[in-house]
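A, B, C, D, E and F are the chain letters, set down in written order, and residue numbers restart from 1 in every chain.
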């Protein structure tokens, strides 16, 4: 998995602590010891799956004896009714972990699905889709992973791993040039400098002091087109602000290199996925339990 | 604030650690020492505000010298352009905390806004709107607070503070009665027992062994109506599954006591809020910095 | 084990950190590498055993190569001299973990033993014995588990999972009715409301607003009897305050449903248990080491 | 306070997290904002008070606006009905912190009380009373503080800060001399070496290799007397095992230097203390709330 | 301070926990309550001071009543005997914090001093001195801060905030071009790509695929000179490997942009600093205590 | 390993979190899945190896599938070019863990090497070499382990496990006798009392009240010699202050029992060690990858 395991374990531990606390009162008393079950994760809509290794970690954390098997690859598109993974073993920890596993899997798949839609829309153009820092506090590493699974690209992770000079910085520094020069004196030479601009004058300033990336903030498609022409390869160009499925193609046509889309994370809707359980006798002979009611 | 302060601090610490890491490279080098500023939080759409004390905690954690002032109450409705809070003091920590404060404030206000819509729709009926456990891992206490701010009610917090016997539990226990009786033998007498039912037969079983709450799972409006009549006050009745703004009024009309809506949290869209900054000179004489570009 | 494993691991990690710190100076230097041993946990008094899975966790945490085998079940009564568990493997971690394992096992068995005595005393009556929140800070989950092992029932876990309106709350709210109604407006419908009463007037008020549980606080046996008659099944009745082995039968005879006993945890005395060690040669041939002196 | 503040804060944070969790459901809804109160901690039995700074930390952690005032010194003897401390300020956090504060204060006072009894019994003799490692996991620093408050002395804190060679170590090392010499080669020269002996032969061995402290384990009073004579000042002498209020004077008369008593911690019974609340109006005019029923 | 406060607090908390543990046994018993003192931090050699805000945090963490006053600025050069800071207040926490404060202050000042020497040596040249990842585990943020204080520049913080393709990566990827292209497809566009080369062929490959930074690894001064000429401004050039005070000027003369020096951190020697204490009476009248012996 | 495993894991986890953060950007994208490699740790200078179990823990933490094999024992002397350990398995985690493993291994081996030099110098004398508290914050347990590996002895671990009365304590207490007597009243009898003296008068005072250890602080060799004669076995004698490889033999000749050397840790220089990688095909057939460039 192209995702740091320690990050996954930390999120999963926290989520279980939050949901299970000192114990799952229902399962503890309802499910007899020794009962085994098999659960099927089934998509209830169409989308792109992301987060199966995270779901796996939920169950393994609760009980290492649980077996988790993915039936699709991360990033694969699925349709309604399709079974995407199985979990099998002692019934109690499956029931206890169900909600946490689904909450994470549904959210990450929702992000991957939304990302994939944007990526698909601009597939004939040069532009790449990237995320922003508008992620859920505490889940950034996982959500940025879901972006990659959906075919998108990551922008900087946080305030520490790249420079992005925004309008408020420029105002306080006294201008685009002053801001870029102040930063260049201080940050590691390994770090790129991106600057957010709102006018052609600012673009000229940014080019003059060799900004690495110029972010066109809330420009019209026409302005973006002219900006790309003016920059003419002297800096990477990123479009940002108010990007939707409706306008992303027009933005891509302007020739920008990257389009950053806050909605990928702040407005992603969970992909609906359910977990269906069937009992597996302790004697290993399986007998389907009718759970339809 | 009707919200545990330790929970807020823990979420805020984690969010800052995630976003700021070993330092805000841009602000550290762009913003001169001693520069002060005032930021205005401005709603860019209509909605119900929740989370101002959380935003306050973000800034206070970064620099106790920052002053944060709410201009609206938690739960108040605001319109586009309305300033909802001010933060003033050293400019650097305002810029560093901006994204984390907005990510939390926007998400919580989004949940309160969605909740308030549902609450408004059923305001002439007996039914109350409640949340579910379909919350963001790590943010449950805050999201459930936003539900209350929006006029909704909380369902159980997690697996530990109430019993909810679901279809999979019933299947493994061998029936509604068996499940309820097994739980009653084990859980604290201070804990209510709720059971999810999918048929009138299951309702009869639940009533027979005196379930405290009966959850009607994915029933049609007609089935719900009949269920409410059959139960006739002998248990609290909760409707659940596939509730939308379109069908919630019809569900309320059936006479159920509670309607639980997963979408309040798993599909809430962030309320758009921005932070505008103006410089406040170290000499305390204010000079508006033109941040329009 | 009917006890959350993460709770156990957390308590054990903390206890080992506290006792072992940066190393067991004695064992590190006295016990040669490669020496193996077998330890026998032996009861030195009569009582009910609770906590063997906790003791197991102590040794497994120190060295996964240690084998721990319980010879009695949790909740089983044992007599003086009876061996209740064995631990075998590298000698050093057995010696290092001995005290922590015994401190936890002795305390939990002490609680189970005291609980079992109360349970036995009221075995011919309807009343159930429950614990309180008068537990050792940091050990609540484990101590409440010991209560269950001893045949008792758990009251609420903490301030978060049930409502218990006490005298001070009533005073501040302005009366029993006001307090109950204020709470009902706010707490989840999944949560029961218990109220502590000190008079028949308060009982009437509580019944009027349908309290789920009425706790008779420090009443005489006669008052309790009358209270049970007045309540007459309209609420669960709990007796509390000054319950001892001497008066518990008389209290049970009043017909109350639950008797909560703070002494189960705040005054439990450790059950005396020792760990005897014998050497097991590295060549696997056993040779009893004379440890009698 | 002769007690590390970080230790206190850590225990208090953990205890509050355990008891309060995501919120005190009762107080949150019963106590109106702005209501102030004053609580009086009142002893309900006779004993020695220990832990007031810990109780103070509980309330300060919940709300820094609370004022806590001790009316007695740590280690002072109190009688039934005596008010020992006051807490005043917002009513809600007083109610929320009550149980945690009492659980800690009662346990620590119970230990100080029991210690003071032993200390008083041997006051005419040379021997000092010390604790053991039979403390509550997670509370050792606080319990050892209570021992000092009660007039006792601390034995080593854990396995890391002194050497104590016990019977099992001796058996594995092949004898008292071998064990002591092995340890001396390895441990810091700043660390004393204590050895547990069960016979006069072992005492001779220990003296031969200059043990710093000789612990007489489970010897009769006569044996102890002879042991003290044989040792004759060449090592510090400690009596251990089965010490009770009944036999401690006889043991002290043998001339031993230290008597270690496990019962000080493993069998201390909580000192009964209550918290009485009276309302203090938001207008600062006090009006006693009748909390008698 | 150009250093994240949360980082400082975390390091200081950990260092105090490690050194003080459950209490400073000496100071607790030697220093009477109420005794105040003033400590002077005095340099015992020549060097550049870094870490005074860290030392301040040590004392403030132990006792907020302590006043800490820096007499020199961070980065200032000092000579033997010069007093660089004062700490005043209760004597006990000054003594308890002394060693931790000195350990941190001495190490950071040692790094700043060594950095300043290298910076001074190349002051007439274009090249900047940078650090590496050869820092002390757990202290990286502080040590990189000391580098900046000494006039040096930071290289990347860790593996997460910039790409550095080293010999082993190249070997596994099958060549410089393959490695760079694989990385470019995956990493954020905000991240620079640096590659370590050992031959002119590798330089050509790196330039062909537009590496941002080329690190000349262990080249001779002659090779570096030729490399700089060949690269001719098409990439930033960094020299690395075996840089010493003896050869750094010759390396700088080659025209490289950056010279990274592992020895700045892995071989820095602590700057000798002492803390002298004088008593300040509780009556505030000062009386110098003769501490010369 | 004569080192607490929990300490090692904690240091390693922290170091990896610091260096790897949310992911190794280079390795993640350069190294194809399924590629295996073997790394050889090779000494590049002469020295004593310490820390191989720590390096092993780094790799096992990243990926349990990695095999780590030590080719030398802890404490063994190695020469330039000698391979000291191998790590084999998936290539990615080897590359990711390389720097952290080397940083720890090099530092610990540097300390062991420096210690071994001092030990060798005094090998014909009675005196033992010990460390001090001048260790790297956060690494004390590991650095003190490296001292033992190098043949040295540990002084006290921290402020909590032994008493060391220093000049500032004496000044505040009013004299050597007063300080020792105050401490003896308070500390556990299991704890030795060491006192730092600067004159023969102080030595007499210390002997009068039976200090266990007398530390001669910054005395000349002649003074030390006289001090040893005066003390004449009545206390353990430790020399401290300004000990170097040049003067340690002369100090040893004075007959002191211990010589404590701060330079062992505060001025140890890392032993140069490198990690060379060769590819091992997924098909298990090995093919040396040319990493020479």
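Note that a contact is a pair of C-beta atoms (placed from the backbone, for glycine too) under 8 Å apart; a residue touches a chain by one contact, two chains touch by 3 or more.
Since the model is a prediction, treat every value here as computed from it, not as a measurement.
A.B. asks: Between 0 and 180 degrees and rounded to the nearest 5, what angle rotates chain B's CA atoms onto those of chain D?
C.D. replies: Rounded to 5 degrees, the superposing rotation is 120 degrees.
A.B. asks: Counting C-beta pairs in contact, does C-F beat C-D or the other way around?
C.D. replies: Result: the pair with more contacts is C-D.
A.B. asks: Since chain A and chain E are copies that touch, is their contact same (over half of the numbers shared) or different (under half)?
C.D. replies: The interface is built from the same residue numbers on each side, given that over half of them are used by both copies.
A.B. asks: Could you tell me the distance, in whole angstrom, between the mean C-alpha positions of chain A and chain B?
C.D. replies: From the centre of chain A to the centre of chain B is 21 Å.
A.B. asks: Cα centroid separation between chain A and chain F, in whole Å?
C.D. replies: The answer is 44 Å.
A.B. asks: What residues in chain C touch two or more of the other chains?
C.D. replies: In chain C, 20-23, 28, 140, 157, 160-162, 164, 187, 191 touch at least two other chains.
A.B. asks: Draw the chains as dots and join the ones that touch; what shape do you get: line, ring, star, complete or other?
C.D. replies: other
A.B. asks: So in the complex, which bits of chain D are touching chain E?
C.D. replies: Against chain E, chain D makes touches at 2-4, 6-7, 140-141, 144, 157.
A.B. asks: Show me the residue ranges of chain B that touch chain A in the complex, using the header's touch definition.
C.D. replies: Result: residues 11, 14-15, 18-32, 35, 37, 91, 95-96, 98-100, 103-104, 106-107, 133-140, 158-173, 179, 182-183, 185-187, 191, 197-199, 202, 266-267, 269-270, 275, 277, 279, 289-293 of chain B touch chain A.
A.B. asks: Could you list, by residue number, the parts of chain D that touch chain F in their complex?
C.D. replies: 128, 130, 153-157, 160-162, 164, 187-192, 194, 212-213, 236, 238, 257-258
A.B. asks: Over in the complex, which chain A residues touch chain C? Could you list them?
C.D. replies: 16-17, 20, 22-23, 28
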